[in-house]
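Note that subunit A is present in both complexes that follow, paired respectively with subunit B and with subunit C.
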Partner chain A sequence: MERSLFARQPSVLIFIALLAVFTIVMVILSEGFGLGLVSTSTIKILGKTLCLCLVAIAMDLVWGYCGILSLGHFAFFGLGGYMIGMWLMYERTKDIVIASLAGGELPPTSEEVREAIGSQIFGVVGGSDIPAIWYFADSLYAQLALVVLVPGLLALVFGWLAFRSRVTGVYLSILTQAMTLALSLYLFQNDSGLRGNNGLSGLQNIPGLTEVPQSVVSVWFFLASALALGLGYVVAAWVVSGKFGNVIRAIRDDEARIRFMGYPVEAYKLVVFTLTAVIAAIAGALYYPQAGIINPAEIAPIASIYLAVWVAIGGRGRLYGAVIGAATVSLLSSWFTGGQVPSIPLGFYTVNWVDWWQVLLGLGFVLVTLFAPKGIGGLFDRLVRKDAAS
Partner chain B sequence: MSALLEVTSISVSFDGFKAINNLSFEIGGQELRAIIGPNGAGKTTFMDIVTGKTRPDEGRVRFGEPQLDLLRLSESQIARAGVGRKFQRPTVFEAQSVRDNLTMALSNDRLPFAVLGYKANKEDGARVAALADEIGLSEELDRTAGELSHGQKQWLEIGMLLAQDPQLLLVDEPAAGMTLGEREHTTDLLRRAAETRAVVVVEHDMEFVRRLDCKVTVLHEGSVLAEGSLDHVTANSDVIDVYLGR
Partner chain C sequence: MPRIFYLLIAVVIALAPAYAQDADLNSLLETHQAKIEKPSRRTIGPVLDALVASQLPGVAVFLEKWREKDLWQRKADGRFFFVEKADGGQLMLIDVGSGAEAGLADKKDLKNLKPNSGVRGVIAGALVQFQLSDPDPERRLQALTALERDPDASHLSILRAAIESETDPAIKARKERLQRLLTIQFGSDQQTRVAAIESFAGDPGVDARAALNPLLSTSVAVFNEKPDEDVNVARLLVPGSDIETEAAYQLLVDAGKARPIVPLDARKAALVENIENGMVAGIPVAELVTQSARDRAYLALAADGTVPPLVTKEEQRAALADHVFAEVYAEPDQVLTTAARETLANISGTVGFYQFVDLALDGLSLASIYFLAAIGLAITFGVMGVINMAHGEFIMIGAYTGYVVQQYIPNYTVSIIVALPLAFAVAFLAGVALERLVIRYLAHRPLETLLATFGVSIALQQIAKNIFGTQARPLTSPSWLDGAWVLNDVVSISYIRIAIFVLALAFLGLLLFVLNKTRLGLEVRAVTQNPRMASSMGINPDRINMLTFGLGSGIAGIAGVAIGLFAKVTSELGSGYIVQSFMTVVVGGVGNIWGTLAGAGMIGSLQKVIEFFNPSNTLAAQTYMIIFIIIFIQFRPKGIIALKGRAAGD
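Here is the complex of A and B:
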């Protein structure tokens, strides 16, 4: 009776195979492990793109499948980054502080070390005390647990309040925008305990691995991101392919009807909202060590809107659509804004792609909405169906 | 025999308009009942109250054995307690197959984590096949529900309700937009369903109600105007007044 996951979701095998080939080829071409044809900075961009694909899958689950247009999932992504960033920054600063104090006659007391770390990290916001929220910052495992727990709990509490009050549709979208805006404004404050608008930086340096060159570290993170994306894809495919997937699609299509069938709609929404928040947080925790810096601007409301745009362009309700959308748009974006595309002088006006890329993206979004409402993934479906028909 | 559903003097008003006015209603365990009444008589509001969509301003709604106070339960809890509802417009999940629609409706555990771990099995497959046979959709199991004809969608929805195995089935205008042949099939389905459970049918169409051949409750301005066989109520002068105008 029960067919395997791969039979129900053939795209899983294809996706995993493509991802594996892509990953292996890139590692072979990388500076750190192979021929050196692909620069370290490119590997970082690709690794970050894989993380963005993962958060797009989360967005597709919550919006494309369950119909909850959350415009706040980048907040969870950012929080994941902050949680891992705390450990990275604390431990790295600790190494530096211990090295610089080692010259003294007496070995430094732990009190002195803490004080030095405090003024190193928080001097920039005019403090030297280590805030209470950094209590676990010296433990990698604790911070890894917080990567999941903090965004997960935030999503659980926020979702419980919102869904219980039957907030749906555009009102829920506005509420999620308010959440990410509030979080971002809070983090901008110097006394938020997370260095205000400076954010956390130097995250590309992995404590204890300072001897390892960035060309190698970047490949490690690239591999970890690919693994996380592959796992995330399989988990998402498993969630949407069974009866649970049918129920959440039914919630998307007719919430009242499925409620009268006896399904506790609010509980389902809460499960999906929280699960996707956790996936987003894990993606963020892998993204920011590759980006090197995180600050509150990252979780501005616009970031979550972009996330929805990626999924819409790629095609919602299809997991590969989310991946295609996120990869296409974010790679194009870093190409256009990276300064590699020559400006076009028109005599009276110079087309500067850093600015005009936004216009291009907006036009692209409008065109996709008008001519391919199911996104790029929907075009794929059309091709497949033509093949099957002929 | 005590009643399965006991509605006692409920009232509800929307912006001053009394949709339900001191309405009392009872139905037994295995009974087919038709509710008729002109537009605005409160038929749909009555269903909304029983299924938890609308809360009455006053009154009691008791259901089942041991008795449950339905006014304390949410929509999904009421559905799990054994009240099924079919809406006026056929509402099936059009993007999904007939089989998936029926499988979702089967009376299994409905909590998220239980459903996440759900595995298709022979028993459920057989139940779905039997239901499909009952509603005449055996050939259509793997079709997308959206491709079905209007009548087939209505049957699928009735099949989904039977799959829930409710003790009480509330059916809102099942014959609307059906051809004559489809109506006969629908009548059969409802009468068979009423052999093992209570079925309440809200209907405009007198011809259809006559074919159901059951006790009829006439609602008017939110309360019961008459009750009895169709011939009995249609002979009632109040009913004639309401339907034909004074």
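Here is the complex of A and C:
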């Protein structure tokens, strides 16, 4: 009999336990449900960080385990955000419109409501018609399905095209980067139907929950993000253990050899690519309601490269490495760019960290690739193994 | 002898009136004194006509001074004079007719005539004919420009008269062209106008199209039956296909031939007005949440006669069927419109050809920019298999080098000449440093090289931002690169783009020479094909890698100077080109200069072609281009020009 997942991967249990403890402590300390020691904005930052950890796990799965350096996974993340953002924005605008039309002599017809919603949402890009892609925007369940379907289908089609013609290595990276760039440029247009560079905004207001204060909503999303991260971790751990995991690792190490052994390499890659795209999209759908706004700049190629950077710093090929990397770098980044880090006066020049954080990050990243190719997770491993040896 | 005598008499008689009239400009002015004193746009015409018809030599000067508010009148007798400043605060009077001095006068005894701008405009119009024959060619050109801007029927004859005497062939050609343009609009008879129209066949000038298009302006008209012969019909319109039914019906309404439709808003207002006890025509207000319910309520009201009845779809259809809709030319003469239409069709053929030429030039220029930006990348990628994400930052370094040089060398020509090699040197050193410090240690790990160089890229970008700030810095091109080479109104290309094209060509030649004809090139090619074999032949691959990387980076620096000339220099300058450059290399085929050339040519011209079909939206053009490239890679994964044999090994 095969051993259970947790026996094969003891780190999963440790991770789940740590995540649970962290989540419970934060909820107890939060403004919404507990002592109020942790502010709502901090809860939001932590919730967003958990979503970033989830997309980093997806990235680790596709790059660290399967060897596909995708520079496009943040596009799937953003698409997921757009899909849920459409419902959030449409329904909230509908509530506002109905409230404002209720004062009229006649009750509004559905045509009038739609028209008002259209001019409310698309007034900024000079339109008032609701584009066809918003057809399902009034249905939460349809949009939730689209969160999975749209990025999943895009990944499926793109992956099928790319893997079929045996585009590998850096070529594939460039191709995925091109896809991201094309998508973000497309969304930047005003007539893309998604409000051009204005993006979708006001996403932190959940339709139907206007009475609930943000401090409570933020905790709900924090819990949902933690749950998603935990589930994502378990799913990823399950995928990489067992035979499937062995095959994709083997593809990473020597693709040609695995192909000659008779494995359908392209199918394996496609499954991993699409699955991770879906995970990224779910992470995005949880992230953007907490961020409140999504615009095409979020999808720019650089975001996807940062994603790769997080995973590399955390240590690829280990799921907890991805989590550590994403959490460390994104929290450090918001700490440094938040202006809270004291400047260093050098006499002739003052090092202002808001300006120099990027330099530090870039150079730190070079150093990690040069001297610690396995990332922080690699150091962790060495530590653990030393303990085991002694 | 007597014959000569008679001849002399004849000459004297012929010249005499001129002399007599010359003396008479003052008296001529005197007859029109009142109107000159208090001119208005409407009354000034006959005065100017009389002055111009007199053909006196002093008239032009007089009109000019008058327009420029330099005309003075003596209060005592009402005579007109020009003045010059004299000593003692007095003014020296100048006779209008002869230009001779006519004594001093106090300023208070004189009145300065200041016609309003409307009058001055009319005077300027009358002056045109003098200016058209002015000895100074500059003035003649100015007069022509004024005519082109504000053409008038009266100018046609003046212009015709001024063509004969023209000596400058260029100005003469322009006058003749303007005369033909004016003839199209103001020509007296059909035949000359048609001839003028047809003379523009195949002419791509914007002015020709601007003169022809008004002839073809149309309006939609409604007729009860088929329009008469004397109406110049462009085409008949079928409601529903050529013209929207709503618009057609609205035309009928406007012409008073049909009942107006009650618009949605008015219907809603009528419903609101007729609410009684929470009901409209017996229907509770709360039920009026659909358009069909509202329609029912309205129909019920209409049946009572409280509101105007609706116009049914059938009624509309019948009304449309009863009438004929047609596009009618504003110009009644069918011969003219036909000629204009045919000439315009002919012109659009020529314009299409020139547009293609222009598009090809644009594509070529964009291709040369992409080539310059990508060739350095192609070298490093091809030879070392290294993806250098910091390549864009080397472009930026080059551009900033150019900017810094211009801070020290104010002469733009000299500074560009200094900046090009300096940018190469700076970027070369930066490249060598990057190769020595980072890339060397990551050999055979291309994905990690990609990420490490990305780290370098964000660090360099931020450092540039910290040094130079976020605002764009100018890199000014020398004045001899300003302006554009203009073939006609359709085809033009700026000199900077030509210069960049030449630069790209020069680098293509230089690189081909270095790689194919020099010792270094031989070694580079050897390392590209098989580094281990090359090193066993006594080539030091380390040194070659370093030099190649430096060379690629140096060219990026030069590309930076070129790009900086037409784009603003910012720290994000390079990152805007990096993805395009990768595309160029991948599409063209790695490790081959000709491949990069082909890739740049394809991407550049493709982008321009897509932009041509959708000019308002360059973002969409880029999107479609990238999608096209993704599909293209499907069919040629190794690029247009793929390496064969062992060198192609993955």
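As a working rule, the second predicted complex is superposed on the first by the 380 of 390 C-alpha atoms of A that agree within 3 Å, B and C clash if a C-alpha of one lies under 4 Å from a C-alpha of the other, contacts with A are read in each partner's own complex, and residues count from 1 in each chain.
Operating definition for what follows: a residue touches a chain if its C-beta (ideal position, glycine included) is under 8 Å from a C-beta of that chain, and two chains touch if they have at least 3 such contacts.
The model shown is predicted, which means the values in this text are computed figures rather than measured ones.
K.L.:
Since both structures carry subunit A, what do subunit B and subunit C do when superposed there: clash or fit?
P.N.:
Here the two partners, once superposed via subunit A, fit next to each other without clashing.
K.L.:
Contacts for A:259 in the overlay, against subunit B (first) and subunit C (second): which applies, first, second, both or neither?
P.N.:
first
K.L.:
Contact-wise, after the overlay, does A:242 reach subunit B, subunit C, both or neither (first, second, both, neither)?
P.N.:
A:242 contacts subunit B only, not subunit C.
K.L.:
In the superposed arrangement, which partner chain does A:129 touch: subunit B (first), subunit C (second), both, or neither?
P.N.:
Neither: A:129 stays clear of subunit B and subunit C.
K.L.:
Per the contact definition in the header, classify A:250: touching subunit B only (first), subunit C only (second), both, or neither.
P.N.:
Once the two structures are laid over each other on A, A:250 reaches subunit B alone.
K.L.:
Taking the superposition on A as described, I'd like to know which of subunit B and subunit C A:356 touches: first, second, both or neither.
P.N.:
A:356 contacts subunit C only, not subunit B.
K.L.:
Just subunit B (first), just subunit C (second), both, or neither: which does A:267 touch?
P.N.:
first
K.L.:
What is the value, to the nearest 10 degrees, of the angle subtended at the Cα centroid of subunit A by the Cα centroids of subunit B and subunit C?
P.N.:
100
K.L.:
Determine, under the contact definition given at the top, whether A:188 touches first (subunit B), second (subunit C), both, or neither.
P.N.:
second
K.L.:
Report the partner of subunit A that touches more of its residues: subunit B or subunit C.
P.N.:
Greater contact footprint in residues on subunit A: C.
K.L.:
Between subunit B and subunit C, what is the shortest CA distance in the superposition, whole Å?
P.N.:
7
K.L.:
Mind sorting out which residues of subunit A both subunit B and subunit C touch, each in its own complex?
P.N.:
No residue of subunit A touches both subunit B and subunit C.
K.L.:
For subunit A, which residues count as touching subunit B in their complex?
P.N.:
Residue list for subunit A touching subunit B: 1-2, 239, 242-244, 246-247, 249-250, 253-254, 256-265, 267-268, 271.
K.L.:
Please output the residues of subunit A touching subunit C within their complex, sorted ascending.
P.N.:
69, 105-111, 158, 161-162, 164-171, 173-175, 177-179, 181-182, 185-186, 188-189, 191, 301-302, 305, 308-309, 312, 355-356, 358-359, 361-366, 369-370, 373
K.L.:
Which residues of subunit C touch subunit A in their complex?
P.N.:
268, 271-272, 275, 285-286, 288-291, 294, 387, 389, 438, 441-442, 445-448, 450-452, 454-463, 465-466, 575, 579, 582-583, 586, 617, 619-620, 622-623, 626-627, 629-631, 633-635, 637, 650
K.L.:
What does subunit B use to touch subunit A in their complex?
P.N.:
51, 53, 74-77, 79-80, 84-85, 87, 91, 93-96, 100, 103-105, 110-113, 115-116, 118-122, 125, 160, 164
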